[in-house]
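Two complexes are shown next, each including chain A; its partner changes from chain B in the first to chain C in the second.
Moving on to the complex of A and B:
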């Protein structure tokens, strides 16, 4: 009975999970698997951006900067001989630590000014990465990052990450981990305080939320996650160069979040996967793709302010209400339920 | 419990509160009367620490709070229910109440008890538990705003114009509930334009005009005072 209810409520997510897990088994093309790996890495970056931008309402444009900090941190530490599994949380911690100081400075500003000041930090990281040749090797970047250290498994042997399939599962593992962390955070009272700050700062203060430290906490967690994402990206690519801190990456992730659905769990992933595949599909168009991309973005902002996920949930509720109305005759009750289902700030 | 000495507050370049002194004792039920723009909301925000006074001192439970941040003042036991039914409209009624208990989020038992208490006080909130706060009627939203302010288990509750924009029957209902909250032991400072309602339920009152206290006294005397009657009771 209990399982039945669980299945009924979550069938879509289970289906998606099965699809994601069986993807490299069903699709044999290395090309598509590689695009999927990239798309899901971008999805991770977009997920953490959604935490500060969507849930907390602070448009941080330093996201690629912190992504770059994580990537360079992992490149340097693993090249020095540290195991990937230690270097990865260290990359996150490094980005979070720098984020703490940047947050202390920039979070004193609001709205556009916060966006501008974080954008500046992102650009600084990009310039430093390109110019501090002794450490970062300048524009050529650091190459030859070793693949993740194999995990020994008793009796079976060891789990290595040299094959593309296993790299795909590595990304899936971290994507699910990020989803879990963000889901738990957003649904806790602490996460509610992020949304409270976004919606109404006066009211947030009246209920006893310290708005500054709340924003700072969200910023630090965001940067920890994106620092780790940068580390994963670096190890999968086998090298880093200053482009990993380029602000155009930030704007791409921003677009994924907006197209997918701001402040929704699924939005960043939907946006990242769809747009990445669309861009690949139109590869022959070259730079003109950006014009189409811009058009999609403008349309999304005007017509679907809650993104594709918002459109989908509304359609789903309408269909459910329609059929529920025929079956039970309790349209009013269903309407009350749908109001609850749309409960996102 | 609450003591203001010569408090002045600026908003931008203009002085809104000009040297207000007042005192509220434990268990009191005090009203703050004043017309639109008299400075009631600014005074309340100053007491709650959301705005900082440029002069004078605010003392709450014997501690000087005029330099404290708003969240620390809430933790000391002061809760502000802001004017205009501020809620988190897209969160459920239940989650709005949970937000009110933010400062004691580790105290699960206490939160449960408080939720039981406010649901007993406002049964409609139990019925509408899962509904989005924005879909409630005006009166229900005001009840939720008061209930949320109570969720931090305050010793002093600042109620900023709970009657604004509500039908007379609902105003009476809310007035009864507020009185009940005071009788259960919470000290209440109530700001109102609806002087008739406020003076009927409170024990004492202050009259604020252009940022200064122009009159104070027991409510039953204020209600018969000529100046008050002319200005606020339409008599």
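Moving on to the complex of A and C:
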């Protein structure tokens, strides 16, 4: 009975999980798998952006800057001989550590001022990556990052990451890990503090929430996650160059979050996968793609302020309410309950 | 003395919004602060609760100097407040608003949330119980899942008091808790304030409705143009010439 209920409530997620896991087995095209790997990497970056932007209400435009810090950190440490499995959390920790200082400075400002000051930091990272030649190798970047260290498995051999399929599963693993972390964080009293700050900082402070440390925590966790994402990106690409810290990346991720659904769990992933494939599909249009992309973004902001996930949730709700109404009795109560359940989508 | 306000002064550019305001708040009493619009009542609340820095003067809570502390520290020390324009987390549900009000008494952090530690579980259950109790107290049990924006003005006022109540404050400062609601509903809020007092909470109240002030208050402080012009029990205030003068042309004092 219990499993039945679990299935009934989570069938959609299970379906998506099965689809994600079987993707490289069903799709044989290396081309599509590669796009999917990229899309899911961007989804990870969008997920962490959603934590500070969507759930905490602070528009950090330094996201690519921290992505870059993580990417360069991983490039340098793995090339110096460190195992990928140590270098990756180190990349996250490095981004989080720098983020702590940047947060101490910038989180004293609010609204647009926070956006602008973080944008400045992002630009600084980009410039440093391009000009600190001794460390970063300038515009050429650092090449020849070794593939993730194989994981030994007793009796069977080892799990290596040279094949595209295994790289895909590596990305899926971290995507799920990030989802888990953000889900747990958001659905806790700590997450409630984030949302209190987003909704009304003055009131949050008045009821006893230290809004500054709350924002700082969200910012540090965000930067840890995006630093790791930068590390994963670097290892999959086998190299880094200053473009990994370019602020146009930040704006793309921002768009994924908005199109998918701000402050929803699935939104950043939906946005990243959909837009990445759409852009790829329109490859022949060249620069015009960006115009179409801009148009989609504007439409989303005007017509679907809660993104595609918001639209889907509302549709699903309507259908459910409709059938609840037909069955009669307690439809309203059911609606309230299922609305609660859908909140976390 | 529970709270001691000493010569609080606030200048906004040229304007003196509060000028050397002193008064005491005794444990368990209801103190009303009255005065015409623009007298500086809300500013006084903002100074005490730490939302604005005072130009000069001091605030003592149980003999401890708490001048200049941040609002969240004041809340933690037991001074809760509401705002003149009803202020709630309007994107969230009633129950979440209340839960946030209790947040200052919980310590669940990143690792607790991530690992579902014993503290995470304990505080989650504790918060849920507190929310249920508060819903009961403010008479809004059936509204737990409602969004704030769907509530009536009166229900929002109740909820704002409920949110402030969640932290188990020693002092509750209510800035015009009945502003913008009709007379019939005022009685409900009044009764709620009396029940706060029964709970042992000291209440400091800004209010315009004179009948309500006269019925509720143990003592009254009167402000006019940033100055304290009178202080005393209701019957004394209602026949104080300076007070009547200040209200001339304004509201009639019962």
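Convention: the second predicted complex is superposed on the first by the 334 of 345 C-alpha atoms of A that agree within 3 Å, B and C clash if a C-alpha of one lies under 4 Å from a C-alpha of the other, contacts with A are read in each partner's own complex, and residues count from 1 in each chain.
To be clear about the criterion, a contact is a pair of C-beta atoms (placed from the backbone, for glycine too) under 8 Å apart; a residue touches a chain by one contact, two chains touch by 3 or more.
Values in this document were obtained by computation on a predicted structure and should not be read as measured data.
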item	value
Contacts of A:199 with chain B and chain C, given as first, second, both or neither	both
Dominant contact partner of chain A by residue count, chain C or chain B	C
Which superposed partner A:217 touches (first chain B, second chain C, both, neither)	second
Which superposed partner A:189 touches (first chain B, second chain C, both, neither)	both
First, second, both or neither for A:165, with chain B first and chain C second	neither
Chain B versus chain C as contact partner of A:181, first or second or both or neither	second
Overlap of chain C and chain B interfaces on chain A (superposed complexes)	189-190, 192-193, 195-196, 199-200, 202-203, 205-210, 336, 339-340
Complex contacts: residues of chain A adjacent to chain C	181, 184-185, 187-193, 195-196, 198-200, 202-211, 217, 221, 336-337, 339-340
Chain A contact footprint on chain B (complex, rising order)	45, 48-50, 69-71, 74-75, 79-82, 86-88, 90-92, 95, 98-103, 105, 130-132, 135, 148-149, 152
Residues of chain C touching chain A in the complex	49, 51, 70-72, 75-76, 80-81, 83, 87-92, 96, 99-101, 103-104, 106, 108-110, 112-114, 116, 120, 123-124, 127, 145, 163-164, 166-167
Complex interface listing, chain A residues touching chain B	189-190, 192-193, 195-196, 199-200, 202-203, 205-210, 336, 339-340, 342-345
